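Two complexes follow with chain A in common, the first pairing it with chain B and the second with chain C.
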Partner chain A sequence: MTHDRILVVGAGPAGLEAARGAADLGKDVLLVEATDQLGGTPYAHYATLTPYLKDTHEAMGPMVEGVQTHPRIDVRLKTRLVASQGEAGQFVVTLQDDRGNQAQEAVGAVVIATGFRHFDPGRETQLYGYYEFDDVITLVDAEHMMQQGKIVRPSTGLPPERVAFIQCVGSRDRQIGNQWCSKVCCGIASKQSIEIKRMVPEAKVFIFYIDMRMYGFWEDQLYWKAQEEYKVNYVRGIVTEILKKGDKLLMKGEDTTMGRPVELLMDLIILSVGMEPSQGTLDMAQQFHVPRESHGFMATVGEPLDTVTTPVAGVFVAGAAAGPKDIEDSVSMGGAAAVKAVTFLNRLSQQLA
Partner chain B sequence: MAQKATPIELEVAVVNGVELNGHWNRIFEPRAISEYDLSVLEEVTAIPGAQSLGFCYQCGKCTSVCPVEEAGGDYSPRKVFRRTQMGISLFESADLWLCTTCSDCLRVCPKEVNMIDIMPAVREKAVMDGNAPQELLTAFENTARYGNPLGEPARKRAGWVKRAQVPVPIMSAHKAPVDVLWFVECYPAYHPRGQDASIALARILNALGIDFGILGIEEKCSGDSQRMAGESGLFEMLAEDNVKTLSKYTFQTLMVTDPHAFNAFRHEYPKYGGDWPTYHYTQFLAARIEAMTMTREIVRRVTFHDPCYLGRHNGEYEAPRALLQAIPGLELIEMGRCRENAYCCGGGGGGMWMDSFTSERLTMRLSERRVKEAVEYGAEILAVTCPYEVSRFEDAVKSTGNAGRLKVCDIAELLGHAMGLVTADI
Partner chain C sequence: MLSNLYPEVPLQEKQRLFDQVKADPRYESYLYGCYECGICVAACPSARFYDFSPRKITQTMAREDIEMFYEHLNDDIWNCSQCFSCTRCPRQNNPGGLITIMREVAVNNGLKSTKEALAGYTRIIYKIMTTGTQVSPDMLQEDAFPDWGPQVKEVASHLDLWRRALPPETLHTTGLSWQVEERTMLELYTIWKLTGVLDMISELDEGLHDIMEEVMDDALEDQGFTVG
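The block that comes next holds the complex of A and B.
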């Protein structure tokens, strides 16, 4: 018999929307989340959401609460999926909580929404000294500071006079093995540059880029706004390396529209780190035997027309587990995955009946 | 503070008393950019009207249409923005004076970086600080003193009228309302070749039985190019004077010879209380083609140079062409850069008065570039309808070695010739 219940793994924007959608369509949902709260990476790490600069907890609050209080959603926090058996309609998964207690659950369909991880700038060939220099930080580190309502040089605790963003760190790089654009970093750097100018109006802020990739409305909502209203300086050309010079950072690269090398002193350098498949995404691909596409994210069939169906019957994917996504895409995929999973279960029940 | 960015390739650098030419200088100037001194960009974009310079996102669309770049200027709004962002003072840079305000960059700019607003605003500050080319300051002084940039005596402004040998009523003596007040402007009043066109136009108006008059010595330069070149105070003074004079007389419509004056009357003079139905003379005549009896053929291949301030600035492309096509025997051909994308003669935005300054910085004059294009397209006559152009292009015909191959005529001269009223040098 078919288990008329849907498992959603991961409670970020994609997982939350998948869970809420499937539950609203009348299915029982088991929502499994490894951390101790709902909301995923944005909720845990980002001070504000792109592109409207709204406080993340405020913006996502209703979404989180809607899932928490939904009578059809069984939320399991601090819980991981450690084993999976069976097939479409009759999966039996083993869950393990943070104390090591295991439980088996039967579900008919699965939505994997295990997201991404931020590229670790110390890991590969980038010479940016992330683990060496206090004042070289990532977009995520900057968000953590902004959660506390400030932006400072970690070395001094004082507001920076000169800030540079370096785009495409860990993205678009064959040597690293990440041959993709992470889609959101240009927008997030622009968003943060606006926030920095709001917090430290006299700061000089630069964004060094290869191409500015502002999808859709982010063009004028973020890029033009940062440049025109907040006087953020966009300079084409990527920084090659960062050296320490006195208590400043010396960044070296090329200004490609001027055709000249650049050697600039900065107080704070923010690395725009991209997305990679998270450990959870890699684990779930293995558990459910979902192949990974050429970049290492979870594979889907039928793209571009079907973004959520994996090659494994009854297993769907939503959000950044399937590749770099912004929150809009993740939520849209969550809704699509809910519909596909519910429909899949309904058809399976009819066939068996 | 880090070292300030400077232009790196000087024409001549002196090192320990030894003069060094050309590219060797980069050895002695910092090659790497070690600072973006943003104070200059901040100062420029804080000037009302100049804010949009900071909007540039470096797409480079302006560069391929910029007439200055095409004349070898290493110049375009994109480059002006980058240099300013690097801390090179626009107020002290030659970049500030090369723009002819032709507006072709604005036509193609996705970010609406508006050089038509930026240039006069930034130039105004440079003029006040005494940083303008001397030639330009001389033209300003002439305009302030004599009411025309040529430095001709104000009392000779109607001197050409005698040569017209037809009635050209001067309003102060006419003592009666007229249908059409003809605002002649400086070059048509003073420059010998401008006068040729004025004489032709006066005869055409007489032949058509138009009830018209001119201001004569009461007229002053409209001042539009002085405004674009950074002298808004002078412009204001001229506008107030002209509006005051015109307001004394009764007329139905204002007809202007000069597209720059046309621009001023349409967009600026209303701010000073001078709001009349205004037509460029080609528009005025194009509505009267039926009444024009053309008895002489002009069997020539003719191409038309759209004036920036009639075309791009004010959207009139058809009237001049309609007039040319009405001339029997005339074959109108178009150059590659025509209408919305027309090349600039180099005279606008004060370029008319900075010939030495600009030609030292370009590989050729814009007028020379344009004349070469007309010749390439097989034109025998380059028809113009902006008073800056006849003299500019005739000089360019000579300097490019095309004397005898290409003639330059104002449309009024060609019409007058076809109507048997004047004999144009075709």
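The block that comes next holds the complex of A and C.
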């Protein structure tokens, strides 16, 4: 017997859209989320969304609410999937809530939308002193400040006069083992540079990069805008080292297009940390026996024309669990995964009928 | 940035000159932003022959790097041939135009390096501003153009004859490239004086300025004009 219900694991943009899509197509959906709220990483950690600089909670509010109030969606917060048995059409999963209570649920198909985690800049030797210097922070730390409507030097609590972003921290690096571009960090750094200039107009803001990857409309929506309207300085060259000098940070690198070494004093340095598979993504790959592709994210078959079907029948993936994705891609994949999962169940029922 | 070839010049002075360039009304439409693609350098004839990069000048201005700006102002801007091939820029920057503004600021402020760069052009400035024609046949002397070969001396010694061999009568000139109407010259003098171009020369070469002013004032006065 086929269970006519779809399990969605993870309630970020991809999972929300997958759940909403499958429910709107008439299936019952069980949405499992490990944290205590819907919305995922952007909702929890990002003050505004790229590239339109809209308040995240405002922008995602209708999406979150639509899922919360949908009669066909059963939302389980603070809940993890700890075991899975069975196969397509007849999965039996064990869920465990934060108090340790376990429950078994039967579902016919699964959409994994467990997303990414930010690279930990202290994990590898990058000489950036993230855990050493208060004023070396990550994009996420900056967003947390912006959620409170400010950007300051953590060491003094005062607005910075000189700010530098360092791109590709934990991305595009064979030594670290992350050979991919994380796609969104160029846009997020540019977005934040605009926001910093809006909050502290007299600040000098620099972005040190290897390539600026501002695909599509991000080119003029973010890159040109930051450069032309906000006078953000883009310098091609990656910083090798950050040292403490007085109460400032001394950055050493090469300005490759000007052909000279640079040493600059900064008040605040923001590391543009990239994406890695989240613990949830690794766990779900194991639980559902989905192989991981060469970079460690969840494998799909049929790329580039099918972005959501995994090699395991009845198991689909959406969003950054399958590799670095922006929100547009994640939501698009969520919709695609919903259609694939619903269609899969319908065909399975017809075959068995 | 690690760039300071002119440590003896105070930063405020460099900043003052930079601010003059930036205050030019053309500046805003000459500089948007640079993503360092290098198309301006690829198109630039000067870049093939000199250590000269319209990209670096544009980047320097966009980054507001005051020290580098002052280096360019002294060491680079006169290597530009002002052909504006660089305006192929995909961001619609005008590196050559930025250099035009920088040159004007350099001249207006009588920079030593500018005086040196333009010293060889005194005769040309005198000629074009007093006659409206740039290079006249009698300037083709072997001392001035040693690289033009041994024939220059021979040609120069019979210049009048060579010029009379040319069919158009207006080219039977040695002190001018061609005959210029007096009225045209008077209009030209009026333009130089009213637009401030003549004044620009005073910062560069006071002697040259005074000589040209006298020529212009005398000619205008002879015809009963008072300008300025």
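Assorted remarks:
Throughout what follows, the second predicted complex is superposed on the first by the 353 of 353 C-alpha atoms of A that agree within 3 Å, B and C clash if a C-alpha of one lies under 4 Å from a C-alpha of the other, contacts with A are read in each partner's own complex, and residues count from 1 in each chain.
By definition in this document, a contact is a pair of C-beta atoms (placed from the backbone, for glycine too) under 8 Å apart; a residue touches a chain by one contact, two chains touch by 3 or more.
Everything numeric here is computed off the predicted structure, so don't read it as measured data.
For the composite obtained by superposing both complexes on chain A, the positions of chain B and chain C are in clash.
When the shared chain is aligned, chain B and chain C each come close enough to touch A:258.
In the superposition on chain A, A:59 makes contact with neither chain B nor chain C.
Legend: residue contacts after superposition of the two complexes on their common chain; A:106 is shown touching neither chain B nor chain C. Superposing the two complexes on chain A places one of the chain B stretches 98-106, 260-268, 296-304 or 332-340 into chain C: stretch 98-106. In the three-chain superposition model, chain A touches both chain B and chain C at residues 212, 223-224, 227-228, 231, 233-236, 255, 257-258, 260-264. Residues 204, 206, 212, 223-224, 227-228, 231, 233-236, 255, 257-258, 260-265 of chain A are the ones that touch chain B when the two sit in their complex. Taken in their complex, chain C has these residues touching chain A: 1-3, 32-36, 55-56, 59-60, 62-64, 68, 91.
Across the interface of their complex, chain A is touched by residues 2, 8, 31-36, 38, 41-42, 45, 54-55, 57-58, 78, 82, 85-86, 111 of chain B. Interface residues of chain A facing chain C in the complex, by the touch rule stated above, are 212, 223-224, 227-228, 231, 233-236, 255, 257-258, 260-264.
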